[in-house]
Amino acid sequence: MFLKFSITKTIHDWLFELMPAGVAGVVEMILIAVVYLLIFAVAGLYLVLLERRVAAWFQLRLGPNRVGYQGLLQTMADALKLVSKELTGTEKADKFLYNLAPYFVIVTSLMALSVFPFSEEFQAFDINIGIFFLTAISSIGVIGILLGGWSSNNKFALIGAMRSGVQTISYELSVGLSLLTMVLLTESLQLSEIVAVQKNGWLIVQGHIPAVIAFVIFMIAGTAETNRAPFDLVEAESELGAGFHTEYSGMKFAYFFLAEFINMFIIAAIGTTVFFGAWLSPFGITDSIPWLGVFWFLGKTLLLVFLMMWFRWTFPRLRVDQLLRLEWKYLLPINLFNLVFMAGLIWLGLTIKF
Amino acid sequence: MSYVSEIFKGLNTLLTGMKVTGNYFLHARKGAITQQYPDNRDTLKMFERFRGEVVMPHDENNEHQCTGCQKCELACPNGSIEIIWDRGIDEATGKKKKKIDRHIYHLGMCTMCGLCIEACPTDAIVWAPNFENSVFDRTQLTKVLNQPGSKVKAGIED
Amino acid sequence: MEKTLLYEELKSQEYFINMGPQHPATHGVLRLLLTVDGEIIKKVEPDLGYIHRSIEKMCERDSYQQIVHLTDRMDYLSSHINNEAVCLTVENALQLDIPDRVKVIRTIIGELTRIASHCLWWGVIGMDLGALSTYFYGFRDREMINDIFEETCGARLTMNYNIPGGLMFDIHPNFVKRTKEFITHFRNKLPEYDRLLTGNIIFQNRMKGVGILSREDAISFGASGPVGRGSGYSCDVRKHHPYSAYDKISFKEALQTEGDSFARYRVRIDEMWESMNIIEQLIDNIPEGDYKVATNAVIKLPKGEFYQKVETARGELGVYIISTGTKNPYRMKFRSPGFSNLSLLNHIAVGGKIGDLVASMATLDLVIPDIDR
Amino acid sequence: MQTEALQKYLEAWEFELTFGEETDQFLNVNVHPHQLLEFMRKLKSDPETYFDYLFCLTAVDWESTMEVVYHLESTKHRHILVVRTKTDERATPVLDSVSNIWATAEFHEREAFDFFGIHFKDHPNLKRLFLTEDWKGYPLRKDYTDEANMVIK
């Protein structure tokens, strides 16, 4: 078990004092799960709100500002509405898969969250294959999308699902390769190790040119992997209506919707961890106060999230063949070249370390 | 080499676009073009020529200027105006004269074309800048324009 | 033997999609029956009539003044130009001498209408291609024009400002000032349109080489307006059959020769510049005079046939009146630009992807009430 | 070509044509339905006339006869001609389709079929365009009545 608790050390000790070790372990797991679920249900909702407000500011509007102070409760109200809505569906849908699909999507996106180092102590699982785990998990979500699109017995949904399959499989490569480029620097897949390496300077500084290239590719491919504009062919409102979730309503739709936003958070969080030193403060200005790490982590992540929102509200959508051309003709060759470039840099010892 | 320059050119166009939206984002505070409608009701003022609905102005003596000539009814393309009239005796001259009983206006059928107001020889009906025309029952959209007990102003001839 | 069987199973099948009548890209209640092979379009068949009101039949029972307001409801984005078309037909038939003031005001408002329509189109084309912010930027500028219209004639969209014989009432005193303000504002904002969308590499890739229409096909399909001009076919009615004040001003006809969606896009952007030039030529010297000439309360057209072409924001609108000398037209036909432009959709969309269909449909700039008269 | 010159030029052709009055806005020419297709082909292919742009195609119900009116323009010479053809048959008037000469005629002829019930021979896809397949009658004909949907003033 790769549990690492310090800030919650007291709870951990108390639990193990109270009951036998096996039971305590299970109880502890459940506690972690509940805490993470709660935090990220709320975080997902506020990401939705953030997106709506940011979109409004890009578009000369005000955005939701009615429910609560400055609309802070707007998405809560939306969630309540979605919970109370009737779950409609197509009659000829493959019921089992149709109902299963949303859980695939939401569960995988929640799973990925568990490995992030929010601060030095606040990390649920610090597994030694962290990066690998993240890339593996984040691509499972596409199964949910494929299932949802295929089983809802709707042609628009089917087209959306097929596009999603094509897109995620292609862009998975770029995400993996650009992370691999950085792993060359850290020499470890474990997230806590990756952060530890960055105490000598964030990886984007350490790796300079190839790191910046890797970051740009990572952001492009990451946006594509979360199916967000300009790569939102899966939903492509003006082409496919609502795409793969055309036939979903109520809470099932909300799962897809929340998962999209949590996925966006995940991509931004990976970017933060790998390129921008996770919870490390710039130049170590707040090293003496460890709990501020959470603030730095979230701050950097939200900046990247904002960048993705900026993409979304500026760019038109690609066509499906252009999407693939971008990946196979541009991103992948550059990425492979970049990998060699980075390896060369490390071999020659040209990285910047403070 | 064109491969590389192509990429840089492409990225450059994308950044140009992001600069435009980013600029709007930074000036979002004062740049909002939308209105918070029910809140700004007090300050919201329509232009004077705004076509909201047809009304018949009455003066303080409860007198209007409609002689019941029915030109508006004829001009209306979709039958939104109905005039119910009879012949009454003019008090001043003692002659028989056309008099409106009810000037009925179906707001629900009106397309705001303004032909009735163009056609009116005595300017008895005018546009009102009232735009909040929604009601719960469609029958409420049928309005009687002349107030009860009103009569035509003296000396109005068509 | 087994190999062919496997091939039979793997062979792709064509399937139908119903795009519309409720679909975000069809901008109204247009229904397209698509035959698709995977993502590739094999056939597009429009199904119309969801909002057909039979305006032509209604015209047969209406007087000539009343017909004008029905035309507002055809191509509602260029309602003023539609009104003008009917009024011009009636005025030509009656051989009325229209004051210059009316002609100039009609031209200015017509060009403002064109800019407003193209602004909306620009916002919507971005939205169709997934760039949602353009919608609001386009609407911001269109809103200013709508305010000008509202101040002058009381309505924002279905204006009904023209009557046979002139205008319903004179322009508002603020009209000139506001129009000038708008022109200065829009001259700053139009380059922004280019920076945000025109230059964007994704947008160019989506538009270039998509929905190609050759010049011969454009003429054969009766394409007009920016669709025809995007194919290098000079079809501007304002140039070839000038009406109102268009014969007194100088302007360039926006022409592109590529014939693809991007050419049509460029034509519309260029047209906005040209429209601003036209307005600037006219706005400072609106001649004094009457804003209408008196007509009979009941207009009776002489026996005969009258045809008038005008250039709306979408192309050539024709008004064809057959009169038998009564107060109603015997037959009234509107040759709407959108109807002809829609008929070539199948021609340009086949072979493209579903995304291409959306892109080419956006550059055709269809307004469904214009097609479903 | 000017109107008179055009009329002269057309008169030289071997068709039974009757021309409209001089007061008309454009040059009107009546052609017999049998000769319609041939005449139209010649109008388009002859380099002197070269009417390549059919900008309006419509039908008119003259109570006893059905008439189809074609407005033609040449994009090269910029002259306009109105071709009209009449048929006495009212129940199922049949005319030749010009849709293989001008592609735009396909939709316009479908519209005319939809509202006037004029059948165009050799039309690639002649079916209701605006109205539903099972619609009874042809609404723009003068004798069409529909109590439910029409408001008569």
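Just so it is clear, A, B, C and D label the chains in written order, and each chain counts residues from 1 on its own.
Going forward, contacts are C-beta pairs under 8 Å (C-beta built on N, C-alpha and C of every residue); 3 or more make two chains touch, one makes a residue touch a chain.
This is a predicted model, so every value here is computed, not measured.
Taking mean CA positions as centres, which chain lies farthest from chain D?
The chain farthest from chain D, judged by C-alpha centres, is A.
If you tally the C-beta contacts for B-C and for A-B, which one comes out higher?
Per the contact counts, B-C leads.
Compute the distance, rounded to whole Å, between the mean C-alpha positions of chain A and chain D.
63
Quick check: how many Å separate the C-alpha centres of chain B and chain C?
Distance between chain centres, rounded to whole Å: 26 Å.
What whole-Å value do you get for the distance between chain A and chain B if each is reduced to the mean of its CA atoms?
Taking the average C-alpha coordinate of chain A and of chain B, the gap between them is 52 Å.
What whole-number Å value describes the gap between the mean CA coordinates of chain C and chain D?
Centre separation, chain C to chain D: 25 Å.
Find every residue in chain B that makes contact with two or more other chains and list them.
14, 17, 20-21, 24, 33
Touching two or more other chains, which residues of chain C qualify?
Within chain C, the residues that touch at least two other chains are 62, 133, 136-137, 140, 196-197, 200, 202.
So which stretches of chain A touch two or more other chains?
Only 58-61, 313-315 qualify.
What residues on chain C touch chain A, complex-wise?
Going through chain C, the ones touching chain A are 15, 17, 23-25, 39, 126-133, 135-137, 140, 196-197, 200, 202-203, 205-206, 353-356, 358.
Enumerate the contact residues on chain C facing chain D in the complex.
Touching chain D: residues 48-49, 52, 54, 56-57, 61-62, 92, 217, 219-222, 224, 233-235, 240, 304-307, 309, 316, 318, 320, 322, 330-331, 333, 335, 339-340, 342-344, 347, 372 of chain C.
In their complex, what parts of chain A are in touch with chain B?
Those in contact with chain B are residues 54, 56-62, 310-311, 313-315, 330, 334.
Applying the document's contact rule, which stretches of chain B touch chain C when the two form their complex?
9-10, 13-14, 16-17, 19-21, 24, 33, 46-47, 49-51, 71, 75, 77, 111-115, 118-119, 127
Going by the contact rule set out above, which residues of chain B touch chain A in the complex?
Residues 7, 14, 17-18, 20-22, 24-25, 28, 31-34, 36 of chain B touch chain A in their complex.
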